[in-house]
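In the two complexes below, subunit A is the common chain; its partner is subunit B in one and subunit C in the other.
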Partner chain A sequence: MESIISVKDVTFFYPGEETATLKNVSLDVYKGEWLSIVGHNGSGKSTLAKLLNGLLLPNEGTVNVSEYVTAREDDIWEIRRQVGMVFQNPDNQFVGTSVQDDIAFGLENFGVPREEMIKRINESVQRVGMEAFLNQEPHQLSGGQKQRVAIAGILAQKPSVIVLDEATSMLDPVGRIEVMETVRELNQNEGITVISITHDLEEALSADRVVVMKMGEKAAEGKPDTIFQQRDLLKSAGLDLPFSLKLSEALRRQGVELDRGYLTQEELVNALWKLA
Partner chain B sequence: MLQNVIIGQYYPASSPLHRMDSRSKLIAAFFYLFIVFLANNWITYGLLIAFTAVTISASKVPLRFLYKGLKPILILVVFTMLLHIFLTKEGDVLYKAGWLEIYEGGVIQGIFIAMRLLLLVLMTSLLTLTTTPIDITDGLEHLLGPLKKWKLPVHEFALMMSISLRFIPTLLQETEKIMKAQMARGADFTSGPIKERAKAFVPLLVPLFVSSFKRAEELALAMEARGYRGGEGRTRLRALEWHNRDTFALVLLILLTISLFLLRS
Partner chain C sequence: MNLDIPDETFLALIGHTGSGKSTLIQHLNGLLKPSAGSIKMGETLLEAGGKKQDLKPLRKKAGIVFQYPEHQLFEETVEKDIMFGPRNFGMAEEEAKNTASRVIEMVGLPQTVLSKSPFDLSGGQMRRVAIAGVLAMNPEVLILDEPTAGLDPAGRVEIMDLFYDLHQKNKLTTVLVTHSMEDASKYADEIAVMHKGELYLHGKPSEIFNERKALQEAGLDVPETVQFLLKWNEKSGQNLSLSDFTIEELAKSLGQALKKRGS
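== the complex of A and B ==
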């Protein structure tokens, strides 16, 4: 598979801090995949996210986005156009006074001509299902809607990667589903690579690949199926197991004959009703 | 309680004045500030009043909205009028009672000054009543654009304004939330002597300040992530369009100025 972002031996210190926030992390992100980076607070996962589009630069090692390098000053704008980022707080990334102004913000920065801008705004607002809200002001929108506007703003820049940095952690369950569905469609239908940074393992369940971060190091990497079977690893990384998995474990302890821990509710239900 | 806040005092409607370009409205309002001082007799004041009245009716803004804008300065108007009536000693004596003497010149002067103040405030409130704050910001950025040559941060100033405007409702919502949280823990914002009430606001302001700084920091990061690098090479979605009506309005204003010059004594 073709890799779109490659992180090589990256070490990162915040200025004035003794210990490294990231220690010798290497990572490849493949074109079109959905990669979840999970970890507890302070595991370095958000720092890793900010290294991906050059908001932070590594002290050692390199971060490449296709043929561009984040440390090279001439490349940084192209990298930021290609790697869009949705942050945690829906309010604090809404720059414009209305939905269309906010979507336009990125385009204005990249010097897109006005005609083209209007075309792209209309197009991207439809892709996230917010076309009815074009002139609404941010305080009239729900958190989930604001995050969808943020995604539309990124889409208008024609990105190849979307990074969700805990983008759903401040949303209510409805908003969370809204945002995840929107991103999933973009990932599946348009082949946009998605990197979702989260501490919510439920969210990581549906990823193609999972990277577990622990104390600034990459603790594990693999398919969700294999990662979630490693209970001790997840526990030591400070992560809470998905509900279905915990339930299967508890049932097993009670003597119900399940052959393994099940990741999703559907799998668990299917296994349960087949029991003799 | 802080819900439905309207920022500024914009009155949404679709009048010729609303549809005017914000640049022409800004120029006109600014210009008007000066020509008001040209009037010095009944004819010229009559002319200004007529012009203002026509502008008000063209704006379709209900009079009670204008009155709301005037209320804060009414006291000032009345006060200056009274000062002139009692203290200017010109012309014939109209009324005399003991030490109190009122002269004709004083009354006329008082009325003129009051009218001048009222006209000024009426016209400038019409600007803010018919133009959204963000349009005013855009207009200002365009008008002040040439000053960039002298390294004046016009773009930064306009961006700052528009971000502040965007965050006013957000911060109001947050204030309300913090207030409720403090009230739930027994804070009292509404009763007691002023000193106590002012003190009660400290636990409201501190968290608000802290969170504003946090917001500012996160916003800056989000802006950078979206490729913001200052005003250079930036295109704009919001476009201002200069129509014939804008030229027409400014020509009218120039005609008014010429007549004021001709008719003043």
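== the complex of A and C ==
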């Protein structure tokens, strides 16, 4: 598989801190995949996200985005165009006074000509289903809608990677589904690589790959069905087991003879039905 | 809307964004006044168009833990931050210090934290300090606005268990605003669902979780245990129900059903 982002031996200290927030982390992100990064508060996952598009630079090691390097000043604009970030708080990332101004702001920064700008704004709002809201002011939008506008702003810059830094954690369940469905479509239909920093285990379950961060180090990396079987690893990383696995365990304690732990409700219902 | 919250109840207040939950809780300690109608909390009565009155007793009685409360820390030391509220309400310096030392233990932090700057603490610790600041006012009513937002799963359980423990030990009345049906089912005696500015459903968890269609219409759903049980019932043609909504209870109920079929 072709990697689009490559993190090599990265160590990172915040200024004035004695312990490293990231310790010797290496990681490849593959083109077109959905990678979830999970870990406890303070595990370094958000710091890692900010290193991916050069918002932070490593003290040691390198971060490459295709052939570009975040530490190289000449590369940083191209990297920021390619790797778009959606942050946690929907109210902190709206800069325009309307949806279209907000998206235009980002494009102006990249010097996109007006004609092209209008075309891209219209295209990108359609892709996130916000075309009816072009002239709306931010305060008239829900949290989920604001996050979709943030995503449209990124799309207008024709990115190859979208990084979601707990982008749905302040949203209600409806807003969460709205945003995740939008991103899933972009991932599946347009091949945009998605890196999702999240506490939502059910979301991580549907990722192609999962990275577990713990105390600034990469504790594990793999497919969700192998990662989420490792209860001790998850517990020690401050994470919980997904619902269906917890229920599988509880059923075994009740003497139900399941052959293994199941990750989704559907699989578990079917497995129980076969036992009946 | 009309809502009665009896003494010592743990009420979960649920509804999607814009449903009016936050507006409602801001009425509970007088941050907002009703345009019509009234709010009675203990002895204090807030009426629409009523005279200006001293809200201090009310605010002392009802402590609110806002969303991301750690954003409101501001003092040089944790101790000063916790003492700020009590001092403002006229508590003597020495007593306020003792209070700070008492509440810091209640939130599970060591005494040594008191002399530190709140800004040198981790996010999870900062949140505990902010919560300690509310507890220092010795509230009888605790209003929690999504107190676990942004915490990792382990931190979420710790904070919720802390509140539940306080609720029971100190015989508090607690109002928890949450999006989590799991938390509502685990801790609440009663659930109130808001939708479009109205009280949409109100009852015991077992009553509320029988109303899946209505919940879905309000942009909500039943807890995962109930979702699973419904899937099982559909597949098996059985009609199992739960007496509580924990995973253990669900496993027990499914285990018994399987044994019966097997025998």
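Simple rule for what comes next: the second predicted complex is superposed on the first by the 276 of 276 C-alpha atoms of A that agree within 3 Å, B and C clash if a C-alpha of one lies under 4 Å from a C-alpha of the other, contacts with A are read in each partner's own complex, and residues count from 1 in each chain.
Convention: a contact is a pair of C-beta atoms (placed from the backbone, for glycine too) under 8 Å apart; a residue touches a chain by one contact, two chains touch by 3 or more.
This is a predicted model, so every value here is computed, not measured.
Q: Quick one: subunit B and subunit C on subunit A, clash or fit?
A: In the arrangement built by aligning on subunit A, the partners subunit C and subunit B clash.
Q: Mind working out whether A:209 is in touch with subunit B, subunit C, both or neither, as first, second, both or neither?
A: Once the two structures are laid over each other on A, A:209 reaches no partner at all.
Q: I'd like to know which partner A:243 touches here: subunit B for first, subunit C for second, both or neither.
A: After superposition on chain A, A:243 lies in contact with subunit C alone.
Q: Have a look at where A:53 lands relative to subunit B and subunit C in the superposition and call it first, second, both or neither.
A: After superposition on chain A, A:53 lies in contact with subunit B alone.
Q: Which partner chains sit in contact with A:77 here, subunit B, subunit C, both or neither? Use first/second/both/neither.
A: The first partner, subunit B, only.
Q: Quick check on the superposed pair: does A:139 touch subunit B, subunit C, both, or neither? Answer first, second, both or neither.
A: first
Q: Of the two partner chains, subunit B (first) and subunit C (second), which one does A:127 touch, if any: first, second, both, or neither?
A: Neither partner.
Q: Touch check for A:148: first (subunit B), second (subunit C), both, or neither?
A: Neither partner.
Q: Counting only touches as set out at the top, which of subunit B and subunit C does A:108 meet: first, second, both, neither?
A: In the superposition, A:108 touches subunit B alone.
Q: Looking only at the overlay on chain A, choose which of 23-31, 113-121 or 221-229 in subunit C hits subunit B.
A: So the stretch of subunit C that bumps into subunit B is 23-31.
Q: Take the contacts of subunit A with subunit B and those with subunit C, and give the residues found in both.
A: In the superposed arrangement, which is not itself an observed complex, subunit A uses no residue for both subunit B and subunit C.
Q: In the complex formed with subunit A, which residues of subunit B make contact?
A: My answer: residues 134, 162-163, 165-166, 169-170, 173, 214-215, 218-219, 221-229, 233-239.
Q: What does subunit C use to touch subunit A in their complex?
A: Touch residues, subunit C against subunit A: 16-18, 122-124, 149-155, 157, 179, 219-221, 224-225, 227-228, 231-232, 235-236, 247-248, 250-252, 254-255, 258-259, 261-262.
Q: With touch defined as at the start, can you tell me which subunit A residues reach subunit B in the complex?
A: Subunit A residues touching subunit B: 50, 53, 55, 77, 80-81, 84-85, 87, 89, 91-97, 100-101, 104-114, 117-118, 121, 137-139, 153-154, 157.
Q: Please output the residues of subunit A touching subunit C within their complex, sorted ascending.
A: 39-42, 88, 142-143, 166, 169-175, 199, 201, 235, 238-240, 243-244, 246-247, 250-251, 253-256, 265-266, 268-270, 272-273, 275-276
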